[in-house]
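Dropping the structures in below, format is structure tokens.
There are two complexes below, and they share chain A, which is joined by chain B in the first and by chain C in the second.
Entry: the complex of A and B
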């Protein structure tokens, strides 16, 4: 991480003193995410930084960065006011390209599901390459793991969270199980170590516990259209199928739970069938 | 009285921030007059405590103002007026002064914030800097004691919540009829969420 930080200079705000040095969490194409603190040492936050793009005209670049951060923040505010589970915004400086938001404890849903299924969870996406050689007993074990209640329950919570989001008139734009966090219940002390496995049987049931919190609204837009909502679901469905091929059929549970969250949800599901069809045609042509 | 030195994350160590709370202030008219006449001995943020939710809420406004001061993008004459304006969710400056500033006849409990920025320091080494800082803190403390006619109280959540005028705060931060709040039965949790929405509204000021 130290190398990453020298290679890519942090935003100016993170060069000022704090109780602990910031940690670079991810370095994406569009921006970086640091874990740091807001106001007080015991108030962790996620700082999203969109660095200037040297290949873009500086004035245009500043304007784009500002517009994107503003739109992300506005969506988050709307969600918070409507009670959709997303991080709160703590502070921002759109001109400087950063936004501090609530740090969500826990692990991404992707990691939780993979841990539950006993797959690799070292952060590598598996992109549909689940070439598992299955024995009868493995298949039996898998049936247990994908039909037992904790995983089914999680699917319901995912459907409910996405439904709540859509109901407020927001589409996410990049729904994946990486862009959802599994926040452990506060009774656990609020602290779950980010993915150290090797747990006892009791702990295994806990891996899927907690609230689903949606994150990463960088591509979100305000929309009430069935089509946009259906595309959101389709993107999640595809991502789910490639990240968790062994749990693919459970996606129906996500949709069933989504259907109950708001009145127009069933017409979104009708639209989803169209979107799937188009997606299939496109992949046959492509 | 205690003038607290406030330590905030991501603030250069050359900035010194102090805060105090006075209850039942009797000379608000005099204090406001010093601001209006730009008396340089009264470079303070005077904040009406009834419009403030909590210490975190207060610190958010302070940090926001320090940050724009570091950026060099102040919209108001100085970091102190900027603190008052930072409480607002829009860019209406006059409105912000009226709501969060000092208003004779209305303001009862008063929060005072003083930010001392680097150029007012001349120290050559760490020891000298510490001494200067302590002298400065004492001088500010004495000055406030001399000029603010009110009962000093610690800047704690316990004290601040007593002063909060909730109907007013709910109006300022558009917290009435908000679904996320209406579904919460627990009063403590509701307040925490209101604080969170207020801070968020401030962060998104003018967007």
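Entry: the complex of A and C
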């Protein structure tokens, strides 16, 4: 994603001596994400900075940056209030183009799933075979069930998080497994490697542990329409299929859990079928 | 003779999907088995444009009539300019779509006639793919993200696995359509093109930036709301309306504001696609692509990402026959043919429907 690391002036807020030296985490098309601290040196935070775009008229640029940051903060506040797992907003200056947010520990869901699948490549092939002949022996299905339970569990948490988001009247606009974090349970930090025989197995299971936290609300909007919600799910489904082709069939679990969490899910899922049919793109006049 | 073994391959291309009738002849030289040695050369590129009076657009019926009336003249000129005889030509290429129905049909009929008359094979070409291939051939851009902007299309495209994939596009009207219709509201001349005249007028503006909607949604965008607002502002201007700051504004200010807004949107969605596919080259094709302000803005964005912008001039940006000949010949060389009985044309023909066999 990030292009060549060119030198650029950091936002002014990061030049205050009190803040920890910022580290650039990623640079996307929209802006840059730094890790620094907020108020206390041991309180890590994420700083999102939208630099001015050289190609844009300065008035238009200022207007857009301000509006987009404010709307992102509003959406995050709303989610926070309604109990949707998102980072908290600490501070912002929309005119200067920056916002400080809670730092979410852990790894992106994408990484977690890939690690999980990568470690279990042998079992996965078996699983693929089992999927091909779905009505195969119960024994094999049982084996399948035990090997994928932590993954199935994660799918449920993803569905629940998206359901909670939509219930709040927010659509994310760019749902992918990269825009979801797996925040490890607080207790995990205290555990020390014991060197027991079961350790390896436990470690594997831990990869997928933790709360699903939705991040990057740069394209989020407030919307209650089935269409927008269905497109949100469709984008996630497509991203899921291209990022984790081997776990694609588990996406049904995400939808099932979404339905359990969100009362109005059934009409969204009907719409999702439409969106799948037409793709997101339509045939248009030349 | 088998086309794959020929060292010199020549195609005649006929384009007429909108108000330009274009016929061109292209030459591909070199051994097809070693693609790096192949070169293409434009032998002729003739165009005749149907220009409607200020305040009006081009209607399908009148445009089709124009194409029928000028086809023979333009075709003859293209052959004379190229200095080739009918016997030298390997295939006749024509625009299958997308475009306006009646003009497409009239040119398809003419192309079919030439094929039968001269005993040549036909190749139906996707108009958008024609633009992309011509842009690549002229600029030498290897693996660019393509912004295709014209009166009928607005798409951000990148190549992957034998297809030109659409990453973003307009959700309603094309950006060129927005500019053309805005020109009508101010009765700006359609000669040589409304977009060109807006560009010239905009150079005199810039004192004020009028507030217009800005509609980007992910990698897609929308122009219809902007057009409505711009038309409202044009109507206000005529009765002496002022900006919220109390200043009077002119047609030049309106053109400037419209360009700054819609081009910023186009650059933004292109940048997002570039970040997405990890490319730092961008190629602009289509009629709106001649706009130097758009090229300048795109250049600033690309430079910021450590890349560069590729653009062509009006000979290749604006609809032309040579791009149809070029893309058609590329397909022809891989064995693609359009049988006469299947030589239809269609208003709806998406860029990603074409199987791009000639690229890796």
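Definition applied: the second predicted complex is superposed on the first by the 231 of 286 C-alpha atoms of A that agree within 3 Å, B and C clash if a C-alpha of one lies under 4 Å from a C-alpha of the other, contacts with A are read in each partner's own complex, and residues count from 1 in each chain.
FYI, a contact is a pair of C-beta atoms (placed from the backbone, for glycine too) under 8 Å apart; a residue touches a chain by one contact, two chains touch by 3 or more.
Because the structure is predicted, anything quoted here is derived from the model rather than measured.
Once the two complexes are overlaid on the shared chain, A:56 sits against chain C while remaining clear of chain B.
Once the two complexes are laid over each other on the shared chain, residue contacts for A:219 go to chain C alone; chain B is not touched.
More chain A residues lie in contact with B than with the other chain of the pair chain B and chain C. Look at A:64: by the touch rule set out above, it reaches chain C but stays clear of chain B. In the overlay built on the shared chain, the residue A:256 is in contact with neither chain B nor chain C.
In the superposed model, A:37 lies in contact with chain B only, and not with chain C.
With both structures placed on the common chain, the touch criterion links A:28 to chain C but leaves chain B unconnected. In the superposition on chain A, contact of A:270 is made with neither chain B nor chain C. In the superposition on chain A, no residue of chain A contacts both chain B and chain C. Touching chain B in their complex are the following residues of chain A: 12-14, 16-19, 36-41, 43, 70, 73-74, 76-77, 80-83, 88-96, 99-100. If you check the complex, the residues on chain A that touch chain C are 1, 3-4, 6, 28-30, 53-57, 59-60, 63-64, 173-174, 219, 281, 283-286.
On the chain C side of its complex with chain A, the touching residues are 17-18, 97-100, 127-128, 152-153, 166, 169-170, 209, 211, 214, 217-218, 260-261, 264, 267-268, 271-272, 274-276, 278, 280, 296-298, 300-301, 303-307, 347-350.
Across the interface of their complex, chain A is touched by residues 8-13, 56, 59-60, 63-64, 67, 70-71, 73, 178-180, 183, 196-197, 199-201, 203-204, 207 of chain B.
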